[in-house]
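As written, the chains take the letters A, B, C, D and E, and residue 1 is the first residue of each chain.
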Amino acid sequence: MSSGELVLPLVAFLLAPVAGGLLCGIDRRLTARMQGRIGPPILQPFYDFFKLWGKDTLVTTRENLVWAWGYLLLTMVAVFMFFFQQDLLIIFFVLAFAGACLIFGAFSVRSPYSHLGANREILQMLAYEPILLLAAVAIFLKTGTFMITGVFEFGEPLLPYLPLAFVAVLVALGIKMRKSPFDIAASEHAHQEIVRGVYTEYSGRHLALIKLTHWFEIVLILGFIALFWAQPLWIGVVLALGMFVLELLIDNISARLRWAWMLGVSWVVGVGFIMANMVLIYLAGGAIRV
Amino acid sequence: MPRVTFPFGPQHPVLPEAIQLQLTCEDEKVVEVLPVIGYMHRGIERAAEKNPFPNNVFLCERVCGICSFIHGATYCQVIEKMMDIQIPPRADYLRVFWSELSRMHSHLLWLGLVADSFGFESLFMQCWRARERVLDILEITSGQRVIQSASVVGGVRRDLNVDLISRVREILRMFKQEWDAIIPVLRKDYTIKIRTVGKGVLPHDQAWKLGAVGPTLRGSGWDSDTRSSGYGVYGELEFKAVVESGGDSYARMLCRAREVTASYELVLKVLDSLPSGEISVKVKGFPDGEAVMCTEQPRGEVIYYARGNGTAYLERLKIRTPTFQNIVPLLTMLPGCELADVPVIVLSIDPCIACAER
Amino acid sequence: MGVESLVAILVIMPFAAALLAFGVKDARVIKPLVISSMLVLMVASVMLLMRVVEAGPIALSPGHLWDNLILVLDFALLAYFLYVGFTSKHPLILALAGIQAVMLPVLKFFILPSGLKVQPVLYIDLLSVIMTLVISIIGGLIIIYALDYMRDHEAHLKLDHTRQHVFFFFMVAFLGAMNGLVFANSLLWLFFFWEVTTLCSFHLIRHDLNAEAIGNALRALWMNLLGGAALVLGMILLWQAGETLSIQDLTGFGTVGAALLLPLALFCFTGFTKAAQVPFQSWLLGAMVAPTPVSALLHSSTMVKAGVYLVLRLAPAYEGTQLSVAIAVFGAFVFMVTSIVAISQHNAKRVLAYSTISNLGLIVCCAGINSDLAIAAAIALIVFHAISKGVLFLVVGTIEQRIESRDIEDMEGLVAKLPLLSGIAMLGMITMLFVPFGVLFGKWASIQAAAVPFSAWFPLVVGFLAVGSATTMVYWTKWIGRMISLVSFERGAVVEPKSFLSYSTILLMVAGAVVLSVFVAPLVNILITPAESTMGYAKAFETAGWHLRSAFGLFTPWPLFIAVALALLLPALLVRVKSDQYREAYLCGGNVPGAEVPSFYSLADQSVKIRTGSAYWESLFGERSLTNWINGAAVILLLVLFVGVFV
Amino acid sequence: MMGLITRSRVKSPWIVHYCCGGCNGCDIEILACLTPLYDVERFGMLNIGNPKHADILVVTGPVNNRNARVLKTLYDQIPNPKVVMAVGTCASSGGVFHNCYNTLGGIDKVIPVDVYIPGCAVRPEAIIDGVVLALDKLNLKKRTKVG
Amino acid sequence: MLNSIELSKTDLPERVEALLEEGARIATATCLDLGDQFEVIYHFNKDLELINLRIRIDKGEELPSISNLTLNAALIENEMREFFGINITNIAIDFKGGMLLAGNSPKAPMLKCSDT
């Protein structure tokens, strides 16, 4: 492996939280603008982060904190693997493990709101996991490998072949960004019946950790979206940012819906669309041959 | 199936006020609801016996800061009824003017809160932006945004002049533009319908029997609005009640939304037909005897009962607020709903705990 | 030691030990007897492995005498089943045993030429050896565990006189039968061992002799007899179409002709019944009334594996046919629906049972996909699932004895009460659930295999697999969540009464699950790839640097292990909390200060304890509402499978 | 690092609001602060709703016999450094409800108050002013020496 | 004075039942402390009109609840009992004196003698 191959992903990995934070700042600014407000400065998420870092941490149980670290570190592992262009399936498995840590953290406190949030978080994973796995499979059908390297070696943009899968991934993006209509487990703002659910018991430094993790997650999932147009990559990045803005728009024109609806959408639209996309590729004879 | 028991309130981000529901859920289905109130009880009825009767206007306006003008006006009306005071027609019209503006601001506030409760943040913002217009009118006409203190026993405290009226009309025009943009969203938005249609159904006959009042009752198809009895000058303004028949949260929401429009029209009508003359009469003597007065607040019928004893102090002041009546219907709506619908259903009666607990 | 004696130790010695245990009845004798015979079994299986790795597959053909003995025993078994059907007035059992009792003599005396000798009778390749290792080592550990378990179990039931000798008779004899089953090349022999496992299962399910146990045992019996009947019918058809009863003949020469597909489909059907695939899942769920070691041994680690073993064993024969595709779709369907239904379960053993059926479905699916990668995934799944699920059953059994409940809701806060047991249970679940553990390796490989367009139906298969693996996550995560949810602020571990045999076996197995996962690359190199190649499949993995590189992806076990260990253990060790940082949970400000169990002030200022619980979403995933649908769908899929044979 | 944290603290005040039993007039004005006309999110202020995430406890209304303990609990559940704002006359002193039998008076009877904002009802501008004052006070406070 | 129908305590349930039959519902009830007696006025809603039933009972006397006839009387009666200490029996939803008043609130604060 040449030093360029090593340094570039490493830099990307280190910049990921910065990018994620900035995106969240843009999110808040844009959301405010859409609501007829001015909104906070773009750097607001960083102010929030450092403020939380400098606050006392109140603890309900110690395990709660341990799992929060697990959530962060495992998400970082997934992002790291992503930038080092590893196997997509494994990346999503690691991401699932990270998500489970958040759930375990919420379960390890005897707080009804955490538990309700954790149960809903499980449902969210149930909603987006199949989409992510199947999207990886759909990409595989064109590139012939689950390695991200294969996407770059493929030489063509994937989006023209995978339009339906792309739409499905947007559903997963909405869930991961915790935006309406999918923000059932822990909404970005607290006015929710379960008081931010899984986040309820975190405070101070550990809430900051959770924010940081969220930034990593957003970068990862937007990165995945960028893979749909990896040649040239800048179009992919623009595409991902466009989808990010689209999610914000949807957030601002819809109410939060309930879990059964979310599951229905993600399984019918998400899974259904990707499977239809696979059939189309297969029928068009464009799938890899083994 | 495990049952989950936890408190919903007193401090809860979706509840603007302190009330507690002890919820028992299976999965996310609510199976048992116990209301725990008393977190906001002050003891206003008793305090009203300790103040000279004209001062009670200020206390009554602070039973609830949202419908405060109507509380104050109703208190004045019950005393005027007891003492047989005829107030000037201009005062009556002005009371309707502020009452209907209060109703608009209250309903808009509520629409925002309910939008927030189902996670539609931008609708919340839009509703409250429109509401600021109404508050502007209240401020330029009475001097205060939320607690106007414009009513006194014997009439009102402030008058409108031509200049003010034209400014009010100007602001109302701007309000109408913003409001016309919001209404179709409330009526048609797919996600709002999913969250409100069929949620918290209060059947037609139950609504009456359980004592529901205001939009909660009218949302279940009852044409029952105290303003229809024509108190004050509502008779002259040809008031017609807004009725929806769905009985669910959606119907109650639409009912309130339409009442905003109706109130807007009433305000315009008042401005068009405002009679000239005095705005108050001098009050002589002390109240004696008893009287009861019903008026229509944004949340429904409010009943003031007063008994005087010939001194400056009242013997008894009893305030029956609409939310107090709507709690029992609420308790029948909740069991069987989903946890996610609890905030929507609770808000659908437009609870004002400060009112209910006094 | 000669190969013959090794095989004899693995097959016949358990029967002998079982008879001995049955005869002496004395617990003081049974214990050393069982332990020593299990140790012998384990050693023998390892020796057999070394022999086969060195010298390749072993073919054995015992004399005619043995053939005749097997035949006699066959009839004795069928007669016994008829007797059971008669005494319990169970028409289905009577009918199914009757059909076999008619067809078997027809096959033997009218269809087969007299004096036919299937060559070889036993054929032991690496796939058989892998099964033997699972049977002997995991099975052996489970039986050793059962020694203490049954003592406590009987003490709990307050029996007048012990029935342990009956229990261990069937448990130990079962191991012999399983070994025989995986060695058998002659379908006639396979049939015999197959029926013996049915018998053992029947008796072990009804071991507690209460009405529920007896009823469920009868259900298990008729469903397994249905498989037996299909097996006999398949043999008749097979002989008529291809004049062979040897599995090697079937699988040795690539894909078979169309005429042989129907018997193959019947054999696979037999496998499905034994593996409790939908719509036959009810017998396995009912079997959970048996003492937990039975569930661990027969109903998750070994006997049900015989079903998938048969399907897998025959895979080369139906490679590339529509039958294969149908099997893949069926298996993937079972994988998904059973893990969906498992979400709504709160009986721990039922969750484990559904999870077992689900994983078996995944293995069946892999056999149906029938590519190099899929077969490797199937073998890996057999190994890793057996060991992880064995741990989980045993630990649930012990937990049940401690807390006298198998309800997951009652396991709330178990980490505080039984830290060691719940720690093992959680580790066991994590090995089932997350990367980089072995079961996930299998899942990774199977999704990759299913992603290849092996047929026009592959989107369906891979879709089922993706949804299935997400739902799998749900029930395990909920369960772990229950155990780590502490009930009160006060910490104070209850001293667990630890019996040496139970705990050491569980610990050994869970350690084995972790170690095998770490060493998955050597495992693939030494066992799975050669096993595949003897079956006629190509190498599926490159294992450079202990990474596993398939044609489509890269699995890096040890960097992942390091990363996961750092991510979880470092915080666990380093996070420090001072006592003045503790605050009660957020209860909307209604907290009752200083309450031992979190409570809030409610009506009239009374203190009310909060109650938390897992969600089961019964409105969506309820067993009662879903079972009919999925059974119906499964029947349709099976019909398609049979119809597809003729297309 | 400390400088960064101190600077961030001023830019990110998260409030938790508890209505002790006033008339709602001040509560709706607090909410009005969030809405387009006043938009306090410009200053990074959020109504976070959960004491464990908050920096500023905003209380309206006079404290009464039942909610005194709720107020105390909420205050305890806010991590340091934190400040308390009494919004409105009745939260400051009991105000118009001074002679009601069930009120104890201003919230300073139960928890220490850093900023009093008079007014009945308080105007949003006054609340924003109060938050600025509260942030100055917040900056003077230190974390407790734990964690 | 208010239009009202004076009743004795024993006639109350029958009268309430008759009113409910006619389609009226209870709007509220007002209690007054007359020194050694309580006066309770039940206000009923019908077609935007109020119908008032007035009864007097001695202090300490039991008053049977009408919440079994109409559920929404329950909160009203709970409140009366808390504020005045009237002995109302068999209320359908019983808050045990803890509905509006907390444990450390003054007892029966609306009685004239309880001036503070």
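One rule holds in what follows: a contact is a pair of C-beta atoms (placed from the backbone, for glycine too) under 8 Å apart; a residue touches a chain by one contact, two chains touch by 3 or more.
Since the model is a prediction, treat every value here as computed from it, not as a measurement.
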Task: Count how many hops through touching chains it takes, at the least, to reach chain C starting from chain A.
output: 1
Statement: The chains touching both chain C and chain D are A, B, E
- prompt: Along touching chains only, what is the step distance from chain A to chain D?
  reply: 1
- request: Going by C-alpha centroids, which chain is farthest from chain A? Tell me that one.
  value: E
Query: Which chain maximises the distance between its CA centroid and that of chain D?
result: C
Field: Middle chain, criterion being Cα centroid separation
entry: A
- request: Would you mind telling me which chain pair, B-E or B-C, is linked by more contacting C-beta pairs?
  value: B-E
- request: Find the geometric centre of each of chain A and chain E from their Cα atoms only, then give the gap between the two centres in Å, rounded to an integer.
  value: 59
- prompt: Where the CA atoms of chain C average out and where those of chain E average out, how many Å apart are those spots?
  reply: 69
- request: Report, in whole Å, the distance between the mean C-alpha point of chain B and the mean C-alpha point of chain D.
  value: 26
Field: chain D and chain E: spacing of chain centres that average the CA atoms, whole Å
entry: 39
- line: So chain A residues touching two or more other chains come to 35-37, 56-58, 112-113, 115, 119, 189-191, 195, 200-201
- prompt: Can you list the residues of chain C that touch 2 or more other chains?
  reply: 577, 581, 583-584, 586-590, 601, 603, 605, 610, 612-615, 617, 619
Field: Where chain E touches two or more other chains, by residue
entry: 98-103, 105, 109
- line: Listed by label, touching pairs are A-B, A-C, A-D, B-C, B-D, B-E, C-D, C-E, D-E
- prompt: Which part of chain D faces chain C closely enough to touch in the complex?
  reply: 18, 50-52, 66, 69-71, 73-74, 76-77, 144, 146-147
Task: Report the residues of chain B in contact with chain A in the complex, numbered from low to high.
output: 4-8, 12-14, 28, 115-123, 125-126, 129, 189-192, 194-195, 338-343
Field: Partner chain D, residues of chain A touching it in the complex
entry: 28, 32, 35-41, 44, 46-51, 53-58, 189-191, 195-196, 199-205, 207
Query: What does chain D use to touch chain E in their complex?
result: 64-66, 101-102
Chain B contact footprint on chain D (complex, rising order): 16, 18-29, 31-32, 35-37, 47-51, 61-62, 64, 66-67, 70, 74, 96-97, 99-103, 120-121, 123
